Amino acid sequence: MGTRDDAWLHSWIGSSDADHIRVAGRDLPSEVMGRLTLTQLSYLLVTHREPTAAQGRLVDAVLVSLADHGLTPSALASRLTYTGAPESIQGAVAAGLLGAGSVFLGPAGDTAHFLAETLALGGGEAELDHDELRAVAAAAVERRRAAGLRVPGLGHPVHKGGDPRTPRIYALAEAEGLLGQHLRLLATVAEMQALASGNDLPVNGAGAGAAALLDAGVPATAVRGMALIARTAGLVAHLVEEAESPIGMPLWLEIEERANDVADGGDEV
Amino acid sequence: MGTRDDAWLHSWIGSSDADHIRVAGRDLPSEVMGRLTLTQLSYLLVTHREPTAAQGRLVDAVLVSLADHGLTPSALASRLTYTGAPESIQGAVAAGLLGAGSVFLGPAGDTAHFLAETLALGGGEAELDHDELRAVAAAAVERRRAAGLRVPGLGHPVHKGGDPRTPRIYALAEAEGLLGQHLRLLATVAEMQALASGNDLPVNGAGAGAAALLDAGVPATAVRGMALIARTAGLVAHLVEEAESPIGMPLWLEIEERANDVADGGDEV
Amino acid sequence: MGTRDDAWLHSWIGSSDADHIRVAGRDLPSEVMGRLTLTQLSYLLVTHREPTAAQGRLVDAVLVSLADHGLTPSALASRLTYTGAPESIQGAVAAGLLGAGSVFLGPAGDTAHFLAETLALGGGEAELDHDELRAVAAAAVERRRAAGLRVPGLGHPVHKGGDPRTPRIYALAEAEGLLGQHLRLLATVAEMQALASGNDLPVNGAGAGAAALLDAGVPATAVRGMALIARTAGLVAHLVEEAESPIGMPLWLEIEERANDVADGGDEV
Amino acid sequence: MGTRDDAWLHSWIGSSDADHIRVAGRDLPSEVMGRLTLTQLSYLLVTHREPTAAQGRLVDAVLVSLADHGLTPSALASRLTYTGAPESIQGAVAAGLLGAGSVFLGPAGDTAHFLAETLALGGGEAELDHDELRAVAAAAVERRRAAGLRVPGLGHPVHKGGDPRTPRIYALAEAEGLLGQHLRLLATVAEMQALASGNDLPVNGAGAGAAALLDAGVPATAVRGMALIARTAGLVAHLVEEAESPIGMPLWLEIEERANDVADGGDEV
């Protein structure tokens, strides 16, 4: 065991033996505990660098913006799972996370990949000026529209007049000196999309959050995962509340009664 | 809709309408984003109070201590799930969380309930002095032993000589002025357990973490959930790494080959 | 690789190499496909024996009795998960299964363990006569009551006057010549429980199903799992229907609106 | 409640009240139990028709072909989850199902949608003759290749010389009089793909199974779900075995030791 052939088993994330626990290449008790917040450790684990204070603050602002939105399908699924299996909190949290797919939360990851790929096509690492950014954004919007695809990060089913998180994220990024290419590109993409379609869709909170994470140094491949950490915090809170003020059980009883009434009166399909 | 009968649908966690998002009774953009870290928001959501700076730091120290321990069964399950469904990050995270049951991570919640119940039996809110604490701890150990149950929060299969996180948690709690009844009770329980059984089992990291969360003001019902937030951070990091340096696929191929070799040589059961 | 040390890697369930797939010690294409139903294979996999025709029929009767009960918390969680992640059917099925815990479906497994343990205490393999069965049942009821525990397999929140599945399971078992010790014990336990408590709780469908599986030769350790196979069939049907006639999305929108109305009128907690 | 507005709450799958349980529009005790197998009920629930005897047998043959393949990533994830949470069987089954994504099992659903869409483009309901089928298949292969997409249902990483399930599925469908357009199209697609690419990829078992389900009358939207029912049976069997002959725990200990050896010798990343 432990031969050269086992190189594929190497993980930088963590390891432990009888006397030590290492996380992110650091001694957990002396170099992480009491020194890094959970957000800073999360950043370190996916970037292999500790965040600057400004980066850490911006990442926290994005994470808290994604943690919860009330009785969403995800929170309801979590609570209804708790109704059937209250002994298994991890199962109820898992059920809630499973709804964080292409419709909810997924868009944050989609936006991140879209922005990163668009910038890569537009010249890679180099800083783009205003006109270059407009050209790159217009081309990206055009490619999506030609392929019949929505532009990610824009529009919201509830916040039609504008997502209240978006201006706050831009302001915080500006204040931290982190308003970079990804946030600027996304704002420009929204402009170009409005010009091309005649339909003004403002940048949504998931999109702005994704762009801010990228400007804070988080890789696009980690954005969807970072959003899941935030969402877990919201789901855990719902379950603590559910144990005291159940919604799952009365919701079920009401739905069953209403469904039976429909069944009684309605035709069989 | 919205009648008095719907009072059971009230959730304090969050809500949103076209122009606002409220989380924890606060306006998300102006009162949470840029003001609270994810850890502070998590604390607020389960206690309905913002943590003091000291409480927030101690909670963060506990959360980072629970985030990851390398290639645990949970991390392996998460990576193997990614192997089959790389398009569904939330599924791979959920699979990893599902292993956080009675054997792993569950002990944190068990310890929290044990400590809270023991103190409740021992006099409730009142501060216990040294002798009272010893009497309460001895009685609790005796009850567990009489019922044939392990005392939670003690011993570790790997860290037999002592969990390296435990002294650090006690030191940090001391430094923050938060070394309270729960941490003191747990240390006393370990002493009493050693006296009663002759088998010295030191306080483990999950137990010390649980006691520290209680002393920081987190209710026992939320401890297991808080641990899940921390673990999500570790699992997300494993999946970002898995996408670059796969362990799931080579692990499967090796296991399948070895299992086939056994099957060839072995008797059918 | 493939050394004697790898014996722990042996699995009887299945294996494959370039040219063969073996399941349950049989060549899958020639010895399983076209010969065994899914129910018969499920039985074989957990008992290591093919069921007799009668056993197979009784197991099928139990499985279809557990497959679905309409818009339960489990089905609702599955549909709400689909709302957020329609691309990940496996995630929506998994979310539904996660609610099959101690409150729902779990009781089938609890009843199986209770019956198997009660018979083991009462003499093991030997067939008990009527009086012996009454004595064993009375003692078991007494032990549960003394410990403050419910007797599993009895009573139902909805089917208060009697679960319509129960008499059917007993009749089918009788007709198949499989009405054995476990079904008889459960009926006797219900009698003894009514005598002891004065509260008549009829055998419920989950309990009768569990007893029938045991009498059909399924081990107690597999009963809860068999119920999960059945439930998966119901959840898959809900998701196929959800794709055509969504319940998750309109349910969410209704709940959110009602919750907002409550929040507006109500005091903050 | 039960107003016309609640029509969206109607589900055909199941319902129950105090005295009745209905599944698939039938009285569960008298019209389903003892009359339909789990496979027949599954078919009924997704097609709204009971299968013919021949359809039922072909569907069972496909389901047993998809139930298990030994220590796959999915089975390993399930067993490792059991290691951490043995009290929560539903969680371990759910973890295993979560790996049934785009890489494993997902291809069955992809093939079903590909075949159904290809036939819809090729003329809909009308039976195609040999030459028409070749033209339709060639065009479909060409479209996939032009879009840079793999043709689903072909090739297998392990069964390179041909999947042993494929000829068996074709023979069983032939024997049942159910070898229809979907199975014929898939075989023709394999031919056309070999011609177009010069690389002979035989029809795999997941693809042949999907085509057989379609020819048996299962809608394409239900194929992936049907495969999940089958896989649940395999996972349940793995967990029953895991409780007796653990693989999860020794696998973890071995991996941890090997990973630590690598970490000791290797450079930090």
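The letters A, B, C and D name the chains in turn, as written, and every chain counts its residues from 1.
What we mean here is this: contacts are C-beta pairs under 8 Å (C-beta built on N, C-alpha and C of every residue); 3 or more make two chains touch, one makes a residue touch a chain.
Every value quoted in this text rests on a predicted model; they were computed, and no experiment measured them.
Engineer: Please tell me whether A-D or A-C has the greater number of C-beta pairs in contact.
Structural biologist: Higher C-beta contact count between the two pairs: A-C.
Engineer: For chain A, which other chain has the most distant CA centre?
Structural biologist: Centroid comparison gives C as the farthest chain from chain A.
Engineer: Working from the CA atoms, figure out how many degrees chain C turns to land on chain D, in steps of 5.
Structural biologist: Superposing the C-alpha atoms of chain C on chain D needs a rotation of 180 degrees.
Engineer: Would you kindly state whether over half or under half of the residue numbers at the chain A/chain B interface are used by both copies, giving same or different?
Structural biologist: Mostly the same residues form this interface, as more than half of the numbers used are common to both chains.
Engineer: On a C-alpha centroid basis, what's the spacing between chain A and chain B, in Å?
Structural biologist: 22
Engineer: Determine the centre-to-centre distance between chain A and chain D, using the mean Cα coordinates as centres, and give it in whole Å.
Structural biologist: Taking the mean C-alpha position of each chain, the two centres sit 30 Å apart.
Engineer: CA centre of chain A versus CA centre of chain C: separation in Å?
Structural biologist: Distance between chain centres, rounded to whole Å: 37 Å.
Engineer: Multi-chain contacts only, two chains or more: what residues does chain C have there?
Structural biologist: Only 9-12, 15-17, 22, 70-71, 85, 87-88, 90-91, 94-95, 98-101, 105, 255-256, 259 qualify.
Engineer: Tell me, which parts of chain A touch chain D in their complex?
Structural biologist: Within the complex, chain A contacts chain D at residues 1-3, 6-7, 9-12, 15-17, 22, 25, 48, 85, 87-88, 90-91, 94, 98, 254-266, 268-269.
Engineer: Show which residues of chain C lie in contact with chain D when the two form their complex.
Structural biologist: 8-23, 28-30, 32-34, 36-39, 41-42, 45-46, 57, 60-61, 63-65, 67-71, 75, 88-91, 93-95, 97-101, 105, 109, 158-161, 164-165, 167-169, 172, 205, 219, 221-222, 224-226, 228-230, 232-234, 236-241, 243, 245-247, 250
Engineer: Of all residues in chain A, which touch chain C in the complex?
Structural biologist: Within the complex, chain A contacts chain C at residues 70-74, 76-78, 80-81, 83-88, 91-92, 94-95, 98-106, 248-249, 251-252, 255-256, 259.
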